[in-house]
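Here chain A shows up in two complexes: once beside chain B, once beside chain C.
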Partner chain A sequence: MDPIRESLLKKSHQAKLERRGRLLGLFCISLIVVVVAAIFYFVASRGLATFYHDKINLWDFLTKQAWNPGTKDSHGIPEVGALPMIVGSFLVTIFAALVATPFAIGAAIFMTEISPRRGMQILKPVTELLVGIPSVVYGFIGLTVVVPVIRYLFGGTGFGILAGTFVLFVMILPTVTSMSVDALRAVPRHYREASLALGATRWQTIYKVVLRSSLPGLLTAIVFGMARAFGEALAVQMVIGNAALLPHNLVSPASTLTSILTMGIGNTIMGSLENNALWSLALILLLMSLVFNLLIRLIGRKGALKP
Partner chain B sequence: MKVKRQDKVATVILYLIAGTIILVLASLLAFILIQGLPHVTWHFLTTPARSFEAGGGIGIQLFNSFYLLVLAMVISVPLSLGAGIYLSEYAKKNWLTSLIRTAIEILSSLPSVVVGLFGFLIFVIQFKFGFSILSGALVLTVFNLPLLTRNVEESLASISSMQREAGLALGLSRWETVTRIIVPEALPGITTGMILGAGRVFGEAAALIYTAGQSAPALDFTNWNPFYIASPLNPLRPAETLAVHIWKINSEGIMPDAVAVSAGASAVLIIAVLVFNLSARWFGQHLYQKMTGSGKKGA
Partner chain C sequence: MAEKIITSQDVHLYYGEHEALKGIDLDFTAHEITALIGPSGSGKSTYLRLLNRMNDLLPNIRITGDIRLHGQDIYAPETDVVQLRKEVGMVFQQPNPFPFSIYENVIYGLRLAGEKNKTVLDEAVESSLQAAAVWEETKDVLHQSALSLSGGQQQRVCIARVLAVKPAVILLDEPTSALDPISSSKIEQMLVNLKNDYTIIMVTHNMQQAARSSDRTAFFLDGQLIEFNATAKFFTAPAHKESEDYISGRFG
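Moving on, here comes the complex of A and B:
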């Protein structure tokens, strides 16, 4: 055949490369999507087995307080009440966020509005470094410093919600701070200039203009920190005491979803009720992370609507 | 005058907050380093751990951490590059793409325990890899992929579209433009993200407890045949990493010098994170100068 005609009819080397490259990219991206779908499918199928296969009432699971999946109560129903863990998880998350928020936003204001030069030189590198510190290290410090101090001050064992809160507070502080800094930086400079030109003091400018216009960003930072605190496993597990009881006070041993999960999953047999109940806890974790995700999206959308 | 005083008070409070934070964070770092560094000796870094008596090291755990890190990065870097290139260069703006983006976002926000349990179910039990380095590396890939992909996509998106137009105008295909022009220019950003991702992988423990296992069998450092069971390179042996080791000796409490060992191991972890952070910054700048020829003033 005529070589010119042949080269016109056949796909060029470039076109083949292009198609191959595109398919390669598509393959990688579909792999990620498949993995996400698989995570949901497998965790849900295991987690729902408690309710379908073992016939546990969903409402009982969420509201009963006794957690002894191996034993049965007077009605012959296994004792799988996840309330202590759910309460524990929410308590440490909310407390950690409550303590961390003023500190994080205060530090962010300091870095962007009060003393940008010093803030950037000292605070920023330190927070960036601390974001990367492994959570077991935080757990270890909690175990060797925070727990003994609490034991000394309040008595008891020192393990409990308070210790967990403190460890999580230090852990999410750098993340929330650096996200808050980004949020404050995104406020246009002329907002501040306009406010100052109207005769407002620096604090009035910060409080009435900067903080209000960056509110969606700040909320996103806090929710992000809460999501991280809720899903954190080992650091909390090391300091919370791991007793599946409703906490009486802040210094009595308690437990979170993640702590019971990490302790238990290796000691139970696949497919048994004990095991399925743990997977149901994992399912709750998964759904909560979805809720946090949704919350961040909603805040983002609300924030974006503003002019 | 009231507002002026309020302004003063607020400023003082903000200074106090910033001071407190620096104090807390600095004492945290100082505590780990002061507690830990005296234990970090060559002996500590190279000897295997001992369970019931004092004086053990972290040799095997340290090697496991690095090996796992390398394996995880070998799997996740190409995948994230491909996915990032697709998202930034090929993906059309439609519902499918936004679905993909949502999936990536969800994956990046999942608690690492949940990812670890998924890995346990799939790699350890379903695929019968057992508690092994391979299972661990695959889980770390799942854990790391969304963040790396987003980093690649953002780095590529920051390259000006004129570069793409120039490449296309020269008659290159889109794929060639991306791999020959866009990726090299975005390389500094991509490398920085990869190194930071490596740092995160290095300290991860929750995802590894039920995938890479919690035991570190003795290794024969003279036999590097990957199929030999005690070979350091065997990907199917259980491998406790440094971070898992810290967690385990603290929650089991049978090692007499657990506090000293975990202090030393924590210091090593922190230093590793520090090195990853600094080298990410240095590599990024160095590569940028090399790739763009913008450095070396006056040379």
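Moving on, here comes the complex of A and C:
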């Protein structure tokens, strides 16, 4: 047979390598998918057992205030009201985002619009450093500095939503800042030029054009920070007081879904109601992070449609 | 003798060590269209951007010489840059409407000035879009995003946006180079109509465009002004060898 024709019929070494590489990639991807699906299945099956197996009413679980899975109330129903933790989690998340947003956007404006060179030289390494600090360090600083200061200023123990907010604010600030910087940088230069050429001052240009056209990106940054705050466990646990009570004010001890979860999960027996109830909290956390993710995608898509 | 609205003398511009403009003397007459032509890198766009201080944004730049608008040195420390840019508007090479509605784009300059009266704004939108020859196409879609328009329409909205501020001078930096021939000729025609109310200075790569629409032509080469003449004279009997070579297509 013709040698070229013969060589065309044989699989070359490169083609075999290519095939092997593709299989390897496919394997890795499927592994990740399987792991994620397994986590979802596991958390859901455990978390839902509270309602199917232990016959707890879902509405009661979400709205009752007493959290004491080991004991039963006057009707003989175990006390598994998760409202205090749900409220605690949302409060620290929202407050942390509220406090962090102006600082983050302010820093981002400084770094991109006002003093790009100095901003990038000083602020960028600082924010990157902040991201790398382990959360236990934040928690420890919160415990030794923030809590006593709050105790001194407002009385009480110092533990509570306010301390949690403050620690989370510092923790999410770098994330929100660096994502805001990316959003502002993505605003095309010619928008700024057009605005200045029409007689706008720098501040008017920032306010009316740059911030306005980067709004979807900025919202994504904020939601990302909120997702991080919502899921943070250790640092919050160290400063929030861990009392499963509905907070009366910002300085009374409270708890979050994550703090109760990390405290309790080692002390309960697998399959018991106490354990299942904790898994139900984990399920709420998982669903919330899903919601945050969807929110980010939704904002991104909306921003992409109307550039 | 017609009024000289902008005068410039011995203008030099350096990017770091590189001298991009090597002593330009050029005056502009009110209510005329002046075309700045020359090959890429000849300094014509750089010169144009000096006239409303857009080059201020670039780092590492040094400007010497004397540029005056109505006799006021525009680079003097006491000159207000924001006010200067209201008097000397600019249209860029790429159509660059803001990602807002057409209406919001046109009134941007007025909003900056704090104008809130709806009647005034509505009138400004209509008259500016009409002057920019884009009213018929946009009057029913004023509240749609300006980015939904075609490139030629976007560029005319950008011109309307400048007109709404009522500047004395309009600078155009290759306003039609990103557009198709039909859109280009519409804009060209519109510029000729605007001459009565504005002084127009336009950088263009298109020599036919300069010949058709301008009153005077300035020819830049390698950072120098080679020739400045009435357009009719420049294209029929250029005074310099380089001008003749350029317009006959021997280089550039």
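By our rule, the second predicted complex is superposed on the first by the 290 of 307 C-alpha atoms of A that agree within 3 Å, B and C clash if a C-alpha of one lies under 4 Å from a C-alpha of the other, contacts with A are read in each partner's own complex, and residues count from 1 in each chain.
In the analysis below, a residue touches a chain if its C-beta (ideal position, glycine included) is under 8 Å from a C-beta of that chain, and two chains touch if they have at least 3 such contacts.
The structure presented is a predicted model; accordingly, all values stated were derived computationally and were not measured.
Peer 1: Could you say whether A:254 touches chain B, chain C, both of them, or neither, answering first, second, both or neither?
Peer 2: A:254 sits against neither chain B nor chain C.
Peer 1: Looking at the overlay, what does A:204 touch: chain B (first), chain C (second), both, or neither?
Peer 2: both
Peer 1: Could you look at A:219 and tell me whether it touches chain B, chain C, both or neither (first, second, both, neither)?
Peer 2: A:219 sits against neither chain B nor chain C.
Peer 1: Output check: A:190 vs chain B and chain C. Expected answer is one of first, second, both, neither. What do you get?
Peer 2: second
Peer 1: Quick one: is A:273 in contact with chain B, with chain C, with both, or with neither? Answer first, second, both or neither.
Peer 2: Touch status of A:273: no partner.
Peer 1: With both complexes overlaid on chain A, does A:109 touch chain B (first), chain C (second), both or neither?
Peer 2: In the superposition, A:109 contacts chain B only.
Peer 1: Mind sorting out which residues of chain A both chain B and chain C touch, each in its own complex?
Peer 2: Looking at chain A, the two contact sets intersect at 201, 204.
Peer 1: Help me check something: in the complex, which residues belonging to chain A touch chain C?
Peer 2: 188, 190-191, 193-201, 204, 208-209, 212-213, 306-307
Peer 1: Please give the residue numbers of chain B that touch chain A in the complex, ascending.
Peer 2: 3-4, 6-7, 10-11, 13-15, 17-18, 20-22, 24-26, 28-29, 31-32, 35, 78-83, 85-87, 89-91, 99-100, 103-107, 109-115, 117-118, 120-122, 125, 142, 145-146, 149, 172-176, 178-179, 196, 199-200, 202-206, 209-210, 243-244, 246-247, 250-251, 259, 262-263, 266, 269-270, 273-274, 276-277
Peer 1: In their complex, what parts of chain C are in touch with chain A?
Peer 2: Chain C reaches chain A through residues 52, 54, 57, 82-83, 85-86, 89-90, 92, 94, 96-100, 108-109, 111-113, 145, 147, 158, 161-162, 165.
Peer 1: What part of chain A is in contact with chain B in the complex they form?
Peer 2: 14-15, 17-18, 20-22, 24-29, 31-33, 35-39, 42-43, 46, 102-103, 106-107, 109-111, 114-115, 119, 122-123, 126-130, 132-137, 139-141, 143-145, 170, 173-174, 177, 201-204, 206-207, 227, 230-234, 237-238, 258, 261-262, 265-266, 270, 279, 282, 285-286, 289-290, 292-293
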